[in-house]
Amino acid sequence: MAIIADLLVQGGQMLLVLLLAPLLTGYLRKVRARLLRRRGPPLFQPYRDLLRLIRKEVVVADGASWLFRAAPYLIFAAIWVAASLVPTFAIDLIFSWSADLIAIVALLGSARFFLALAGLDVGTSFGGIGASREMMIAPLAEPAMIMIVFTLSLLARSTQLSFVVAFMSGPDVGLRISVALSLVALIMVALAENARMPVDNPATHLELTMVHEAMVLEYSGRHLAMIEFAASLKLLLYVSLISAIFLPWGMAVAGQGIEAYVIGLAVYLAKLVLAGFMLAVFETSIAKMRVFRVSEFLGTALMLGLLGTLLLFVSRNL
Amino acid sequence: MTGLEFDVAHVLAGGLVLVSFMLLYQDRMYPLISVFALQAVVLSLSVAWQAFVQNAPHLFITASIALGFKAIVIPVALHRIVHRLGIHRMVEPVVGLGPTMLFGIGLVALSIGVMLPVTAQANSLAREDLAFSLAVILLGLLMMVSRHNAVSQVIGFMSLENGLILAASGAKGMPLVVEISVAFSILIAFIVIGIFLFRIRERFDTVDLQALQRFRGGQR
Amino acid sequence: MDLIAILALAAALLALGVLAILLTRLRVATPIVYGGSLVLTALALPLAIHHLLFAAGADEQVWLPLGLPWLGSHFHLDSLAAFFLIVVNLGAVAASLYALGYGRHEPAPGRVLPFYPAFLAGMNLVVVADDAFTFLLAWEFMSLSSWALVMARHREEGNARAGFVYLAMASFGTLALLLAFGLLAGSTGAYAFDQIRTSKHEALLASLAFALVILGAGSKAGLVPLHAWLPLAHPAAPSHVSALMSGVMTKVAVYGFVRIVLDLLGEPLWWWGMVVLALGGISSALGVLYALMEHDLKRLLAYHTVENIGIIFIGLGLALAFRSNALDLAAALALTAALFHVLNHSLFKSLLFFGSGAVLVATGQRDMERLGGLIHRMPYTAFAFLVGSTAISALPPLNGFVSEWLTFQSILVSPQLSQWALKFFVPAMAALLALAAALAAACFVKAFGVTFLGRPRTAEAAAAQEVDRFALGAMFGLSALCLLAGIFPGVVIDAISLVTQRLVGAQMPAQLGNAWLSIIPIAASRSSYNGLIVFAFIGLAVFASTYAIHRWASRAVRRSAAWDCGFPDPSPRTQYTAGSFAQPIRKEFGTLVFLARERVTMPLPGDSSPARLEVRMRDLIWEVFYEPIWGVVGFLADQLNKLQLLSIRKYLSLVFGVLVLILLVLALWQ
Amino acid sequence: MNNTGLILVRAVLLVPAVAAAILALIPAYKLTARLNILASLATLVAALLLLYKRPAPGLFLIVDDVNIIFIVLSTFVGFTTSVFSASYIAHELEIGRLTPVSLRFYHAMYQGLMAAMNLALVANNVGLMWVAVEMATLTTVLMVGIYQTHEALEAAWKYFILGSVGIGLALFGTIIVYMAASSVVGEGLEAMAWTTLVKEAPHFDSDLLNLAFVFLLLGYGTKAGLVPLHAWLPDAHAEGPTPISAVLSGLLLNVALFTLLRFKIVMAGNPQALAPGPLMVALGLVSLVFAAFMLYRRKDIKRLFAYSSIEHMGIITFAFGMAGPLANFAALLHMTMHSLTKSAIFFAVGHVAQAKGTQRLSDIRGLTETHPVLGWGLLVGVMAIAGLPPLGIFMSEFLVVSSTVTRQPLLALILVAGLLVGFGGLLRQIIGICFGPPQGSAAPLRVSYIPMFAHLGLVALAGIYIPRPVVAWFQHVARLLG
């Protein structure tokens, strides 16, 4: 019985992220528009967009291979799995031990790998630009992320997210400079990874500056829907990750009963609202930077992450 | 060994070194050959004295070979070669005669310095003999390396051989085999040198060794 | 029994090589030699597996009256040797199978066939050798036979240089190892490994030997800055040999390092680990950067070997550091990570070289800028290459990820180290490792994307044909192994535990008993990973989403010209190239590492000539380490060569001078 | 009983001597070439029989553990070289470089050289040994000059002058040894017999011995081609007929080193004498390093391998200088292996030069393509000489390096650096010779490769297995050498 309940919770988590992801995107757009004194699209517009795309026919470029058509599913699957492993409203889910933080980072890497390949598949110049720039960003974002993971797991003595979260909500944390450094670094990485301002402008199709959009330029119909959906999921994943680690309160623990889950869910939604709002504020108050400044931006993140790890290595007998 | 015997041997060996210096000093071809003949004479005297002192009659053969062959036959032959090949009459030294002589004196000092402590236990005649013969050998080598002209190099080589014979005769009771072989080897050596001189004459019109260098390609 | 059988198989391989000399002119030689190699190595493989899994405690020793007369040839099969025998023979089986098809395209089989089995025999013998003489004999024999294989395409430009650099470096490595063994054996000449193992070595002497082993084994493995031969030699050989050299021979070098440093030298000093870590970190980062700058597919793969060797050495360095601090369990974890990566790299690097060989056969091209779109013409090769690319990029659920994950886990234990220098150093190496892993992914997006995706850039690429069944069989076999090792890592880890138990006296917890076959390096509360579940999850998600989409979405598909923001250009030359793909990374890292300088020549307004972009990059390692040596050797050779053309008189003066000098010394001495 | 042994020793000496006389008289060159082979074979058979029946040592002749292996080696290489020579000179006659008259001379000198070398090896009397070496020098001088080109004459002249000076120094050394001995043993033949010298060595005046060894080392060292006494060697190898190059490198250098060994054993017997080690080590290292660098700028294939010979003489001298059972064993093994390998290389080189019609390295390219057997054979030979396994020199270099490093790490570093530089030079050249787009004639050559492969086969065998008796002899000699 317990296993079935656990499986249900796990399944619920998977469905939950699926459902919430477009909503978060819509919410962000709405808040951004409001901040810019526009009315903005309705909150549920992303769902409509997805449905619209799914119903449309697919136009596949002449030179596209099977990889082009398979990639959206692979990307979606990898991100979905990663997203469902990040604690949202509860920790200690039944499969949470099957992949730790490092594996989650690597899963996102897989998704990016296939996205970049898909960008190259048709053989257009814009696809190449996107893939090339994406793979310029990744080598800095990933090590930065790994460094952040290191800081956290050295503190928590675990790379398992559930344990990290449990540790962060526990009494042993204290105020640590390393934690602060990694929070800043994580936010920077998250911005870069999700193609947000100031690294990339999700709303642009201006050829010379785009990264993510350039790669998916050739996609249409249901394929594009999958990719857009995956992008929303990834955003949700990062927001959940940040809030789970740095706002670890209110999480349900396995076996606590239904009320805990309900409370967890409510707290989680509140966190999303808060984090989304802050993200939107940040994005509207900053200008996009030149593509080649991105490396400096991410280099800073990497340095912060490394600094955080080093401080831990040196400052404490772990 | 009595004092007189020793003194005579000493004088003769010393004379050989002296003649070596004279060889070094010569800057003209014909006197050079003559001085070489003189050295051969002194050598044969020295060997003969050793034969007498050591009561080793076979050494007289060596002495007479030195006298007949080196003091007479070879100088005459060299005279003719120089004449026939029209070799430049002047010896061309590499460095000035003065420094060469000075270096020679240094070599003599070196050979004495090396030999004297070494042979402390050996009898003194042998010791002196060895020191002098080493000096002659070194001076002969010096002659070979400080002269451009092939004939003077050959003479330097033979002077070196003279030093060897002096040493061999000084070694008491050294089997005859060796002396004869030395003599023969010198004979053969000279014949071979002669053959080569002949061939070199035939092909290069000069015995100056530097002429040989001209035929090196960059092919090595 | 296993050992005797292995030796017999090695002898049979040598005999096969001799047979190949006799058969060179016949066409059947190719199937005979490769088939024979396949059978023989396929026989050796189960023996090695059997020994590792079921006879780990029961070492076998064989003594033959060969080699040094008073020593004889000692051979020894323990779990470490058995593990590397598996790596060697697995690679050999795959390469032989591949070559059954690939070898038919060989222009001059007589230059390959005799050396191929000899090379295999050499690698097998290195692993089982148990005295210094036999070890070095086999080691250098392996180098020599692979050198002959490198020289097989001797007419191609640049191969002469490759051959020269390769064998010169190999010789350098052997001499370094020889010095190391000389130090360890002592003046009595105790060359047998047993004697070396049991004798006590002073710290200074052991450190010297360690440094020499780094030079010797490191140069063979391809550690920066000793890697210079590797990107020259590996691509020059026929592809199945490239696969063996990159995938397997470098692992034999790792074996040599492990055997000597962890087994023979006794207790390590802590700074050994630091040196190895530093070299590993630098190798991994530089190797992948070099690879990114490369357009030649096989050279790119060769540089990735440098990267992966770096990763392996990071693991080994950690193992040494832990061991010197008596943290045996952590050492076991780090060593497991390193050895796991050894196996993984041998699998996917062979696979990738097979793929590049297939491309080479199909198009005659190694230059990526002249390829493209091969996924349409060679779908199976493309799929296998994609699997290999994913694996080498350390992406889950394939095997490359597992070993890097384990390496990260062992890095996370390193705060327990007591030396401050190490504490500072390990996180930096971790960052380098992460950087290398991410760059590797970028590099393989480039390699796969430019070679297989897009549109063909040349007529040869457009006319490519899928390769034969043998080659495909070998590639798919390896792909399957990559996947299996990725989703059942516990099996491999448990096997490696038998090795670490032997070397560092500890082992990781048994993995096969864990629920759901997940792997737990230390404790469930610290970290765990389950390749199987991740794989199942991804499969499930793909299946679910595909099903849902196809169930509810429009299924209409229309083929049309590419959109490309409205400016589609029919010429395939407007595609992104390998060079342009790597340009951002070149800007980020290249200006520092390669002193890359770009110069743009823009035509004046109104001038219709094309703009030109020139990129100049410098290989600093080559310039700093190799060119000066070469320059000094050349200078001295020139100077001494003047002594060749002296006159006889001057030569005599030399003799005279030496005589006088020695006499002077003698006179003064007395 | 012992009579058989004595007859055999005499056969080893007299067969070539008599053959020399006969060959000088017969004009038919095809016949003489065969007779030459026959005589060499007979000598070889006699030498092989010596393995089973040694004569008792006499005042003049001796067969012991020190020389037995070298006698066999010398006669063996002499035999194979005569086989090679037969096919070599046939070609030389064809193109007119040699005339039937000079050939008569050549064969006579060949056997004369064999006789002289065998005499040097079996001589128990140090004076006799000196005479034999001198004879060997003279015969080779004549053979080096046999082509009568400018270069050949120059080479012979250089060889002759330097050789004569060297032999003079060696004689002086021999005289000093006699003096040292005569004051202990008494005057006469006894004082020149090596066996007596060894026995009585502890009582000799050590200072005299030191001095004597200096002269002997420089004298015989000139013959062995040690730098800076080496100048004759490359020219003599390059300009003479290739069989002579093979014999020079393969045998004469060995004989010169062998004489040095005899004296070194005497030195080792005297506890007060200065160890000759440092001197030999220095000369050996200088030779090795110098020759290694000289390999790089070579333009002539025979000169290339001549310098390689200098390099190896350097290694051997170094190893003998280091002394100790391992190094001495290695040096003895190295002498044997080098002799076999280098003569095999010269067999190949001779045919290569004939096939391509030139000795210029830049004109010899892609040999494995134009002449596969020759090219691969040469390659194997060079790999062997470079010390790569599984060939014999690997074992000796292994022992030299590993036994040096514990005692003199710095010397070992120099040694290794020299080896590496030399290897690089040789490798660069051999890659050029054997690989790349072919140049020059590709006309097939009809010659016998048996001598070359016989040597290489032995070298390959020795790399992994050395017969026990040989090991025992070497170990015995290594002990004697201290």
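A, B, C and D label the chains in the order they appear, each numbered from 1.
Quick note on the criterion: contacts are C-beta pairs under 8 Å (C-beta built on N, C-alpha and C of every residue); 3 or more make two chains touch, one makes a residue touch a chain.
If you're wondering where the values come from, they're calculated on a predicted model, not measured in any experiment.
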Given chain A and chain C, the chains that contact each of them: none
Farthest-lying chain, centroid of Cα atoms versus that of chain D: A
Innermost chain by mean C-alpha position: C
Chain pair whose interface holds the most contacting C-beta pairs: A-C
Distance between chain centroids, defined by C-alpha means - chain C, chain D (Å): 43
Between chain C and chain B, distance of the C-alpha-averaged centres to the nearest whole Å: 68
Where chain A and chain B are represented by their mean Cα positions, the distance between them in whole Å: 99
Geometric centre distance via CA averages, chain D-chain B, whole Å: 31
Residues of chain B whose C-beta touches two or more other chains: 114, 117-118, 141, 144, 153, 212, 216, 220
Set of chain C residues in contact with two or more other chains: 644, 648, 652, 655, 659, 663, 666, 670
Set of all touching chain pairs, with the criterion as stated earlier: A-C, B-C, B-D, C-D
Residue ranges of chain C touching chain D (in the complex, touch as defined): 65-70, 73, 110-111, 132-133, 136-138, 140-141, 144, 151, 154-155, 159-160, 163-164, 167-168, 171-172, 175, 178-179, 181-183, 185-187, 189, 191, 208, 633-634, 636-638, 640-641, 643-644, 646, 648, 651-652, 654-655, 657-659, 662-663, 666, 669-670
Footprint of chain C on chain A - complex, ascending: 54-63, 65-67, 73-74, 76-78, 80-81, 84, 95, 97-100, 102-103, 106-107, 109-110, 112-113, 116-117, 119-129, 131-133, 135-136, 138-143, 145-147, 150, 153-154, 157-160, 163, 205, 207, 217-218, 221-222, 225-226, 291-292, 295, 302, 305-306, 309-310, 312-314, 316-318
Residues of chain C defined as touching chain A within the complex: 372-373, 375-376, 379, 382, 386, 390, 393-396, 401, 405, 408-409, 411-412, 414-416, 420, 423-424, 426-428, 430-431, 434-435, 437-439, 441-442, 444-446, 448-450, 453-455, 516, 518, 524-530, 533-534, 537-539, 541-542, 545-546, 549, 552-554, 556-565, 568-569, 572, 574-576, 580-585, 587-588
Chain B residues touching chain D - in the complex, by the definition given at the top: 114-115, 117-122, 126, 130, 133-134, 137, 141, 144, 153, 157, 160-161, 163-164, 167-168, 171-175, 177-178, 181-182, 185, 188-189, 192-193, 196, 199-200, 203-204, 212, 215-216, 218-220
Sites on chain D touched by chain C in the complex: 157-158, 161-162, 165-166, 169, 207, 210-211, 214, 218, 222, 228-229, 231-232, 234, 274, 279, 290, 293-297, 324, 326, 366, 368, 372, 383, 386, 388-390, 394-395, 398-399, 401-407, 409, 412-413, 416, 419-421, 423-425, 427-428, 431-432, 434-437, 463-466, 468, 471
